[in-house]
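Should a chain be cited, it is by its letter among A, B, C and D, assigned in written order, with residues numbered from 1 in that chain.
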């Protein structure tokens, strides 16, 4: 038996390069934006215009969050290994795990694995009760700074409505947030990761790859942070502050 | 003395998030594509339309190259650590160093550090002579598969001409390629990394960050490869082939 | 309130460096071996002689497994980024996750979370029944090559007996293996990861850090593979085999 | 043509595992310490007793430096991705580059590439003059905290003398330090990385792999830092301090 191992993502001949079946030079370079190309890579087809607006919006939301554990780790790594920009970006990406990128994944999974049909309020109630019984945090709700409403969620849900992606998953996470607020007695608005998880679900993106949207977006932000670290170094100061006496 | 450490890239208040001085929810989400947002992150301003076309084209060229050392490393890592998609992507990025992403950087550096003015043919000749004397490979020239012309270069240089980025750096690398072909007695066309290094130079991007364009683009491709590995695993077969007898 | 953030692992003054409270130059360098120093780092005290023999044996077992997904990923990364040996080692370590290093952790967790007391045969029976009901693989049992007995397990269990670490955890995993063999109708011997998980439990090492023993040991092996890749490169051949037609 | 790709480091059959030609279970587990096993991996033979003392001493010196950019990056990564201990360790290793582990490599390279023979004082003088002319820092000299003498160097050089490794490389770096102090007009003692680079050179270790000794040693320290972060989390505090107002 003979088998040629090959990726369906890309292949090349002496004269042509194909990505997802499209001729890279004839059909893609100069014609398709980076965000649409990312959609093509993941979904095996180019996006329709509303999909393009929505997918780019999800990714744009995730690129840049200022100084975070992820960007600080990248800066500290660049400080120690200035020969390898790619290693500093990789170090930053390594922190996009269960606590950060993972909350999108967990929110999308919660929605995609929810029982279909039935009274959606009851489904939401059961989901909240389940997390409470397991003493687990409900993914995609609440934010340490944006207490009453996450401005990104408001914007993303408005865009979803405009572009035809405000369907059952968006509805369900809103019901979960309402129920959670009632049960826990405090504001627990849908945060940006919950909104992204819900809208990605509307777009047919499997929860298994939603963390990847955060990873690809954040790689852009991390490159920018390494560039800023080259021009305006902060790593030594961050290191020094970690050890000094601090008034709290 | 009091100083607040802060990145100029992003900051947030209770109600607003700013990226490079723009209100993220009001001005960017839903209005700016991922590629243009990457330009904003790196260049501290949104791109003009020709800049948008050109920057997205450079990045799109770098996303996907099929099964390469970088994507194979990501697949093998996912095989061992399926709990952490971000680690598989990071492992793939770690190989985007001097040999791969680095050739863009080296080509851009060669062009940006070339002497200004004078007869450009003489400048090209001196550069080729310098690499030859140091027994170093001239970055951005030649390709193992695309012997006579890299189709991506042809396309990128045409786009550069259409969008106003076919200036002195593009001219210089073409002169270097001509001179190198004459000196070494074989075709040494400008390859995609040389074209990207030259055009990035035309766009005012420092050579120090050009490797980062490859890194951010390839992060997208690596997420897609991890998704494919989830659905159509190849890692065990790659491992097995590494050890078996092979007819060559 | 004032607090000095500091690690209890190490600190330095102008004249002295302390590790876990020991003066590095006076008490450790030249007096303590690398393996014993690792024990000190993890356990906050130097090992007694039997602990030293046992801990070094566990780590030694995990250093080198030849060409594996982890070492192949390191070689491919070094091929792309020869400027950063540390990145190649890191890429290899990233694959020491749930499937590889993780099986030690899972075996140790299974043993450390098992109910205390009672008839140990019944405890083993219940554990096997639990994994079977959840359709999960029992960690630490079976091996694709070493079908009937893993030679490392035989050796490690003999050493454990000689050094006073053949206690209830070793007994329990042996009972689990016997029960599993009966239930599944095939040989399922305790493999090296199961033996290490059991012996680490005997030594008082929390299951949460057992994966770390594999990580520290494998870092040594990965450095050696990068050295071999420098001297006898295989990465290009591994890449090439991944793409070619293969007879199977 | 037929070729079997295989590493000379390790291979296994159904009954036996070999590392560098030694039967792992019969000859190594329980008989060889982790540090000696690392020597075997790198040098293709087990160490003689003085080699064992010296090699373990070099590695022990490099394991633990308290809170550094590398260990902080690992802690921040663990904070974001608690599912993958190996990724936190890898993130920490990524910073062991040109600035940290690299100084050992650069010192060893300087010594191993120095001209043989002649008046060693003149060789040292020429080396110092060369670095000065290129405006480069001489690797292996000086330390921000240990101004007049690095206590680790004193100890390592004493051990080297006791064990027969105080030869021409140790002599040369001491001459370089004397000459540099005279030329720059300030104390520039051989620091720990310089001492390690010199002694590794005495032991026949190629400068190309000396950075790897730091990498393997630091992997141990990073596992211990992740363990401490599990038990006594500091990452959130480090993040918070990075952003707050600080009195300096």
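Definition applied: a residue touches a chain if its C-beta (ideal position, glycine included) is under 8 Å from a C-beta of that chain, and two chains touch if they have at least 3 such contacts.
Bear in mind the structure is a predicted one, so any value in this text is a computation, not a measurement.
**Q** Tell me, which chains sit next to both chain A and chain C?
**A** B, D
**Q** Taking all residue numbers at the chain A to chain B contact, is the shared part over half or under half, that is, same or different?
**A** Chain A and chain B contact each other through largely matching residue numbers.
**Q** Where are there more C-beta contacts: A-D or B-D?
**A** Most C-beta pairs in contact, of the two: A-D.
**Q** Measuring centre to centre with CA averages, how many angstrom lie between chain A and chain B?
**A** The answer is 23 Å.
**Q** Just how far, in Å, is the C-alpha centre of chain D from the one of chain A?
**A** 38
**Q** So what's the Cα centroid distance for chain B and chain D, whole Å?
**A** Here the centre of chain D sits 32 Å away from the centre of chain B.
**Q** Can you list the residues of chain D that touch 2 or more other chains?
**A** In chain D, 5-6, 67, 81, 83-84, 86-87, 90-91, 94-97, 234, 238, 241-243, 246 touch at least two other chains.
**Q** Can you tell me which positions in chain A touch chain B when the two form their complex?
**A** So the residues of chain A in touch with chain B come to 5-17, 19, 24-26, 28-30, 32-38, 41-42, 52-53, 56-57, 59-61, 63-67, 71, 84-87, 89-91, 93-97, 101, 145-147, 151-152, 154-156, 159, 208-209, 211-213, 215-217, 219-221, 223-228, 230, 232, 234, 237-238, 241.
**Q** Quick one: which bits of chain A touch chain C in the complex? Just the residue numbers, please.
**A** Answer in residue numbers: 1-6, 81, 83-84, 86-87, 90, 94, 242-248.
**Q** Given the complex with chain B, which residues does chain C contribute to the contact?
**A** Listed in rising order, the residues of chain C that touch chain B are 67-70, 72-73, 76-77, 79-84, 87-88, 90-91, 94-100, 102, 234-235, 238-239, 241-243, 246-247.
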